[in-house]
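Here is the structure we will look at, set down as C-alpha cells.
By letter and in written order, the chains are A, B and C; residue numbering begins at 1 in each of them.
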Amino acid sequence: MVSRSIIDTLKKTHILELLKDGKRLDGRSLEQPRELSIDISVIPKAEGSARARLGDTEVVAGVKVQPERPFPDTGDQGMLMCTAEILPIAHPTAETGPPTPDVVELARVTDRGIRESKMLDMKELVLEKDKSVIGIFCDNAVTDHDGNLFDVCSYATTAAINSCKLPKYEMKDDAPVKIEGEFNKPPISTLPVSVTMVRIGDYILVDPNMDEWSCLDARITITTNSDGNIVALQKGGSDGFTHEQLTKCAEISIEVGAKIREIIKSATEGSN
Amino acid sequence: MNSEKNRHVIPGEVIVSGNYRAEQNTFMDGERIISSIIGLSDIRDGSVRVIPLTGGYYPKDDDLVIGKIISHSAMSWQVNINSCYDGMLPASDVFGRDFSSHSDDLTSKLGNGDLIVARIVNADMTRDPLLTISGRELGKIDSGELVQISPSKVPRLIGKRGSMIQMIESATNANITIGQNGLLVITCDDSNGLIKAINAVELIEEQAHVANLTDKVNEMLESKSE
Amino acid sequence: MGGRDTDIVLLDENGIRSDGRKINETRKVTIKAGVLKNANGSAYIEFGDNKILVGVYGPRDVHPKHMSDTNTGILRCRYHMTPFSVGERKNPAPSRREIEISKVIKEALEPAVILKQFPRTAVDVFMEVLQADGGTRCAALTGASVALADAGIPMRDLVAGCASGKAADTIILDVNNEEDQAGQADLPVGYMPNLEKITLLQLDGILTSEEYKECLKIGIDGCKQVYEIQKKALQDKYFATGGNNNG
C-alpha cells in the first residue's frame, strides 16, 4: 500500500498559487498529460508485453495466454482477466502483503476498462464450446510511482494486448494442444484509453503527478474507445464534483484520449 | 430581537440566509446557514444554533459528568465518561499536591468500577479531557441507582430552570444527580419513589420531542399505580 | 455488464420495462431509521428487492492506534454481502468487489461527514446486504447516510444514491438486476442534494458523449427522489409525534 504522502504545506501553497495562473509545477498546462513512451515486447517469454512510462510513473504489463475451461454460463466465450499490483520497489511506502483497497480498486478499474470496451471479441476465443476456451491474462506491475497509476496501467495493458500473439491450439483427444510456431492475431476491434483528472479547488488537471495527487480534492478516471464513446468511469477521492465539472471531464477525456490512442497505435504497429 | 420560530431540521437543511452568526451544529455555505445534525433550530440575537435530538456526549469545560473508573496508571485514573474520549483524573486531585507515587496507592481511594461525580476541567480534544472531583457535591458515589439516557435528552430532563427535574424530585422524594453525559444517579429512601423516578426519566427520554411532555410526566407521577 | 442474451423483454412497445416500470421511474424505496439497539445509529432500507441493514458506531476509539489521525476523526466503511443474499451462495469472506465498493462508498460519504472536531476517533459504517437485486451500492449508500444522521454524526448534507443506465437502446432510471445483466450500461450515482455535488460516480458499459450527459442528468433526478424518502425516514423517527412540524 502506498500512503498518500503528506505534502509539505509550502509546496501545496505553491501549487495552488500557480493554478490561479493556469500553470503547474512542472510547467504543463492544466489539460496536458505528461510525456508518454511505450515499448512493446519487453518480456519475450510472455505472449505480449509492454512497458509504459508517463512522466516518472512506469508500469510493465505482461500478457499470458493459456487454454482454460470456460465459465459455466458463457461456454461460447473466451476468458479475460486484468490485474495490477504495486511492487515494493515502486515507492518508499509501498508494502508487501495482501492488496489494500487502493490496489484492489486499481486492478478492477483497469480490468473494467478493457472488458467493458469490448476490445477483444470473446466469441472468437473458443477452442471447443463449453469445454475449452482461450484465456487471456494481463497483469500490470507498477515499478515506479509518480502518480496516476490508473492511466499508465490502462496504456500498458492496451498496448500489451494489442501487440500480443495468440498461440494456435488444436483439440486432440478432447484436450487443447499448442501448435508450436503458429500464432494468431488477437481479435481486436477498438483501443480503450483512460484519462484521469483531479479536481484541486475549482481547477481540473489532467494526469496528476504524485505532488498533485497528494493535494487532490476528488479524482475521476474516464475510459473511452476508438469511437470516442465512454466505456468506463470511476470517481474517487474524499470530495465531489459539480454536474458541470463532470460534463467537462467527459469532454476532456475524449479529446486527450484520442491523442494518446495515436501514441499507442504507432508503438504497437506491425507487431503481430 | 425576538427568537424566530424553532423548526425541525435534518443535516443539509438550510435554516436561514443572510447576516447571522453560525453557532453550534451549523455551518455556512455562502450566505446560507445550514444544519449539520437532526435537531431543533434556535435563532436568537442574530445567531443560529441547532439543539440536537440525537448523538453522543462530547466533553465541554465545566460540564458535570458521572464517570466510571476503568483503569489507572502511576499518576492518574482513566475514567469512562460515556464518550468517545475517556476522562483523566490526576492522582493529585485526590491525594493533594504532595502526592507521591511511591507512598500513595491509587487503588486505596478509587478502584475499577467505582463511580464518581466529576467536573470537566479542560476539554481540549487533542488529549483526553481532564477531570476533577474536589469540589462541592463531587466525589465517589457510594449508593444509588445508575440510569443511562441519551445525552441529547439531558436538557429536556432538567427542564426550564430545572423545573422538570424538580417536579420529579418533589413528587418522589428522590435525589437525582444528572451528568451532562447522559448518566444519572438516583437515590431514594422509598423504593416506590425510586421506581417512579426511574419511570419518569424513561418517559422523558422516549418522548423528549413531544409537546405537553410536562403534563404527561405530571400525570404519571400523580397516578397511584406503579 | 453481462450483456448476456436473455428472453425477457427489457422494454416493450409501450415503453414499459420488464418489471412494469416506466423508463424514468425508480423502484419502490422504503427506509426506516433507528432499527438497531446497540449501534449508535442505524437504518434499514428496501430498494426494490434489495434489502440492506446499516449500522454506525462512533465516533469511537481507533485500534490500532497508528491508524488514527491527530487532526481529525476518520471514516471507515464496510460493504458486505451475506452468503444468502444472491442466487448462488456467496462466500462470506470479503471479495475484491466488496473491497472496492466499500472504498467507493466511503469516498461518497467523506465529503458529507464533518469529523474535524473528533480527532483520534473513527466512525464505522457497516452495510450488510441481506438480499441483492441490482443497485446495491446506491441503496447501501442511501441507507448509510440515514444511519449516520441517526447516530448524530455532524454532516454537511445527506448523500442519496440511485443508478441510471441504458437498456434496449434507451436511457433508463434505476437499473435492476435483470437490466444490469442484459443491458448496455449502468451508471451508479451518489449525490448531495443541498450542496449539489456528485460524490459517487462509476460506469459499466458503453455510452456516447450525449448518452452520458442524459444518463447523468436522469441519475441526479433519481437521487433527488430518493432524498425525499431519506428525509421522511428521519422525520418519522424524530419529528413525528406532536412537536412543531416544519412541513
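Everything that follows uses one rule, which is that a contact is a pair of C-beta atoms (placed from the backbone, for glycine too) under 8 Å apart; a residue touches a chain by one contact, two chains touch by 3 or more.
Only a predicted model underlies this, so the values are computations on that prediction, with no experimental measurement involved.
Chain closest to the overall centre, judged by the mean of its C-alpha atoms against the mean of all protein C-alpha atoms: C. Chain centres computed from CA atoms place B at the largest separation from chain A.
We define each chain's centre as the mean of its Cα atoms; on that basis chain A and chain B are separated by 54 Å. Chain B and chain C have Cα centroids lying 34 Å from one another. For the pair chain A and chain C, the distance between mean C-alpha positions equals 27 Å.
Contact of a single residue of chain C with at least two other chains is seen at positions 192. Within the complex formed with chain C, the residues of chain B that make contact are 5-14, 25, 27, 29, 34, 36-38, 52-56, 58, 84-85, 125-126, 152, 207, 209-212.
Those residues of chain C that touch chain A in the complex are listed here as 1, 4, 96-97, 99-100, 102-104, 107-108, 110-111, 187, 192, 196-209, 212-213, 216-217, 220. Taken together, the chain C residues at the contact with chain B in this complex read 40-41, 58-61, 70, 112, 114, 117-121, 149-158, 192-195, 231, 234-235, 238-239, 241-246.
In the complex of the two chains, the chain A residues touching chain C come out as 73-74, 99, 101-102, 104-105, 107-108, 112, 116-118, 218, 220, 225, 228-243, 246-247, 250-251, 254.
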